[in-house]
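So, here come the structures, one by one.
There are two complexes below, and they share chain A, which is joined by chain B in the first and by chain C in the second.
Moving on, here comes the complex of A and B:
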């Protein structure tokens, strides 16, 4: 034991090499979170371009080709650059602390998983500056638009997706190994905090579907460069096949982005309601049920491709069934708050907003899941409203909630509660001004991914744009609050929150560089 | 120390298993390709090559089947048939149906004309490829005479009216009231790699599907 400790554990490189060569789960968690934040601001800046162009009908600021690149890159960056890495960052920081492990199971691979990301991200963004521009075919990159008709830079996009996939798969394997092999004595599976559970299931989803995405882009690559015809009709392939392969990945992907959010919220609500989580076991089973169902519903994204009625019925029923385990979760969160002694610090505010607004996104998801109704909603702004309620007020709100919740543990300082409340109320109001009107214009028939629109949609679009600008600006306040907290502030106690339970609150604040070198005993 | 080693080994085993899953799922992505074709063929989905498989593609076979269907005319039912035309990629052509839409009874033999104009200064051999939407109606749409049965040769600047004679099967499912017939025109030189006409037709049928959908 002593030799191992001497060789790698008491050696602290400083400066840039600390970050380049680090195998410490806390350092890597921090790197992931900063990378995600930078990508969030970049993807957000692209959203600002989109909303600025859509502020009024007619073409004003950017040309349509650039607009298409913005919608595409905004989606890709937010999904693969911001939301997914942010959750991996939270996992890196919290999972070892929550299960009483000294580090992740495979620390060197952990270093790799992170350091691939900046290269992949840079490659993806660099396509914007290449001849012919970057990807402009939507984040779903349907063939033949992404094969036959795509710019030359698409090959770099494909390589970037491969790298991002590698990173996620390695991260997922690491998380599974950590959770299954490194739990402290007495930490049985059914005692694990829900954040750990949701991440365990998410990690399995990742290793199941990221390889399928890798397969899809590989087929694109060979179609584009090596004369195959997977998706090229003129050679015997079928473009509709692309959609099947893509959504076989794509639907589980939406749960990859939301299950860890469920986990975060399931940690926060009990703390601030000062009650244990209601229905712990049902939460675990509901998560597993959602994950299972996510594999058999993919074609609800393709109701309009001309499926036979039997197929539409099957995918409709299977999709609507997901509402059952999801409702179990929403019920449990509500029941946890019921008669609790609640206080409303920033993490709780974000978590409650999550429950409300994610549920709205869930309801519109149900509407979209109804095949005959979907023919009206398909490819309209209604879809845009739906998935932004799920991903922004869902996933992103949960990430922000988690950051406020754990920031005192990470930095040792309390964040400024007053500023955090400003951040919350500005965001919570503006996000609804931004996305709620999109339901209306969508139902009225405004198509998504267009730079110009009928004047009849002008008022709601202007409203959405104004909401968007405020929402975007209020995230700069978030950045300021984080930096301010890192620099100083009221010292946090070890427990940080009065009602907090769990191993992570038994270590000092800020969490020391090495924790749980002797495993704690869980009763 | 002993414990450290033990945990390293068990990581190895678990990681090995998970890696197998990763590779298996990568393979599964590719396995979706033949699976998709098999499912489409088995259930006749997506109208894949239905006529070729039924053996009703071609003038002679079409005539025989069409005459049979015509004996079972169903005047109590009226169906709308719409006609569209698409050019493949960059062909410098005009290609359009002279009738956009018509109402008819199943079992009724009808004819429409398509107009094609070769605007290039070259002689072009073109193949029109039919496609029917919704896909489930494909096998109920029988072409008795069709310019799509053969390749069409166009002199530079030539304009042609081309005839289609068809009949809709009275067994057409009750929930289908509108059928859209689309043609895509392909320059046969474009894919020189494809030898047989049938292969071109099958390939192109897929592509026109994509346009329609």
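Moving on, here comes the complex of A and C:
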């Protein structure tokens, strides 16, 4: 094994090839996080176009076809380009540090998982510049809008989805192998930090459903180009089949985006409440229960499609059951804070906001899960409000919380607490100005994905747009804070946070390029 | 890196992943462009880059493995990686099987007016009658009507026997490897690859038969769609599995693998059993029932 020792010096190359060829989990984590942030700003810019057009009723800024491309690409970029890669970035940085592993289990494949993403992202975004425009059928790309009536660029979109899925599957395989095979001696499964647990379960969901998405877009591809009729009733297929296949992927997908968020918040709240997590085992079981239920509830996205009543009832009951394990989690976070010695540094503020605002999104989800009520809410802004509460104030808030929490470990510098508080309060207030009024216009019947609306929705839409502009601008402050922290600032201690527990706080800040080459002993 | 007991092999930086990304991007963008009148050149360039990448990357892993750099823990990581990769493939096929079941069980009867869909049947295509395999699609315009279904007890049955036998020969080869009987290993692998090639050849013959004699095509409505997509992706996977086993055969001839250390062989064998099981599903639900 002398070759390994001899090549050790080559493990820290510099320049562009360091990033292109790297097999280091910290480098790859950094790449994922920057890619996600760039896509977050790009998808956010598209959201600004949407909110600018919806600032007033009538057609002002963009034509309807371009508006449709913006809603579609905003959704696709945020889901596949921003939220998922950001969580994989956190996983890459943190999981080896948290379980005492020297790196991910399959480091070369780890590099490939990341480096497919910029190519897939380029292919996806390039469709906007093609003849006929990019995908304009909504991020759910229902047939026949995405088959019979879609522009030529849709085939590039299909292959971009294939590549994104390939990257996700390899990333997930790597995470499972790392967690199951690379834990330090003594780190039993039920001693793992909750972030590791939630990612283990998320990775399983990814491997189970990303191939189904690949199947869905493959059927689209052959329907479009090779004469098959999976989604064409004239040939004996069924457009509703597309919705079933898509949502069999799509529902677990939303848990893929929220379970790691649960994990991040479950790390942060105990640290700043200075108490161990309340109900650790029940948190693990609740995560597994949510993951299991996610496979058997998909058609609640399709209540108005014309299912048999038995189907509506089954999917309704199964769906509302998810509230039980989710409530266990919210209860446990609250109980962790109960009588804790709490302080409110930026990560904790974002985590508490997560608990409040994600719960609002959870409750509106419960409302949408009730089939007869859903007939009223379906495809209105109420749905848009619901999933932005769970994805922006849920997933994105947890990612931001995680970045503030671990940034000192990554960079060795403390971020500027005052600026971070500004970032938090600006975001937390504006995000509610942005999304809360959408509940009202949605309940009153404003349809989603339409560039114009009745004048009776004007005030709430103007409010939402103003909130949106402030929320968007606040994230530029986040970018500034991150760059400022990377460049300097008060030096962070190894432990960083007074109440922090776990292996990641036993290594130096910034974390050395190689950590835990000799596994630590966990008691 | 300290070389204490149980330390993990961390590979040095590698250029193969980025080469793979460039290859995949070129291949897929070239394919999408070709669908819309572009040149097929980029498909070929992309495929060549991907193949070069696979030779380079797998070659590197093989040389590291043969020089004994992988300990037992690395071996477990590879095993987990392969097992979960096969699970992802299972789910890919599940999407197509799910489509088949949904269409047979729900979509076609509903088009025919079953359940609460009497008016659907009446208003859309009143003459449509649900059946499986579906020969007469709701709107025959633009679809090729098949003359006959593909029977289960001809070539598909022989193919079932061939694949099941190949599952036995690959296991026999594995026994040979574990007993250090290289002749048995090489003979078993050779038989397995030959049976795989025979399967693919018979499948190709059957496709020709379906297209020319039976007029069963991708464009024959949902029966042709599910038939060709399920059997086609399976045939592709058999081909991939046979190539993997062929590489194992060539490596076995070169003297690779030991009785204790031969995960690449096992991975290929696992994959082979997976395509075998998928075939049984196909035989039952696509050909037979």
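Simple rule for what comes next: the second predicted complex is superposed on the first by the 515 of 523 C-alpha atoms of A that agree within 3 Å, B and C clash if a C-alpha of one lies under 4 Å from a C-alpha of the other, contacts with A are read in each partner's own complex, and residues count from 1 in each chain.
Rule of thumb we're sticking to: a contact is a pair of C-beta atoms (placed from the backbone, for glycine too) under 8 Å apart; a residue touches a chain by one contact, two chains touch by 3 or more.
Model, not experiment: these values are computed from the prediction.
When the two complexes are overlaid on their common chain A, residue A:215 makes contact with chain B and with chain C alike. After superposition on the shared chain, chain A has more residues touched by C, the comparison being chain B against chain C. Once the two complexes are overlaid on the shared chain, A:419 sits clear of chain B and of chain C alike. In the superposed model, A:366 makes contact with neither chain B nor chain C. Applying the stated contact rule after C-alpha superposition, one finds that A:159 touches chain C and leaves chain B untouched. When the two structures are aligned on the shared chain, A:169 is found in touch with chain B and with chain C. Of the two partner chains placed around the shared chain by superposition, chain B and chain C are both touched by A:106. After overlaying the two complexes on the shared chain, residue contacts for A:429 are found with neither chain B nor chain C.
The contact surfaces that chain B and chain C form on chain A in the two complexes overlap at residues 1, 3-4, 105-106, 169, 173, 176-177, 180-182, 207-212, 214-216, 218-219, 229-230, 233-238, 240-241, 244-245, 248, 308.
For chain A in complex with chain C, the touching residues are 1, 3-5, 7-8, 10-11, 13, 17-18, 20-23, 101-103, 105-109, 111-112, 115-116, 118-119, 122-123, 152, 155-156, 158-159, 162-163, 166, 169, 172-174, 176-177, 180-182, 207-212, 214-216, 218-219, 222, 225-230, 233-238, 240-241, 244-245, 248, 308, 514, 517-519.
Residue ranges of chain C in contact with chain A, taken from their complex: 1-4, 6-18, 20-22, 24-25, 28-29, 31-32, 35-36, 57, 67, 69, 73, 76-78, 80-81, 84-85, 87-92, 94-96, 98-99, 102-103, 106-108, 110-111, 115-116, 124, 134, 137-139, 141-143, 217-219, 221-226, 228-229. Chain B meets chain A in the complex at residues 1, 4, 7, 10-11, 14-15, 18-19, 21-23, 25-30, 32-33, 36-37, 43, 45-46, 88, 133-136, 175, 186, 190-191, 193-194, 199, 202-204, 206-210, 212-213. By the touch rule above, chain A contacts chain B in their complex via residues 1, 3-4, 105-106, 144, 169, 173, 176-177, 180-182, 207-216, 218-219, 229-230, 233-241, 244-245, 248, 304-309, 311.
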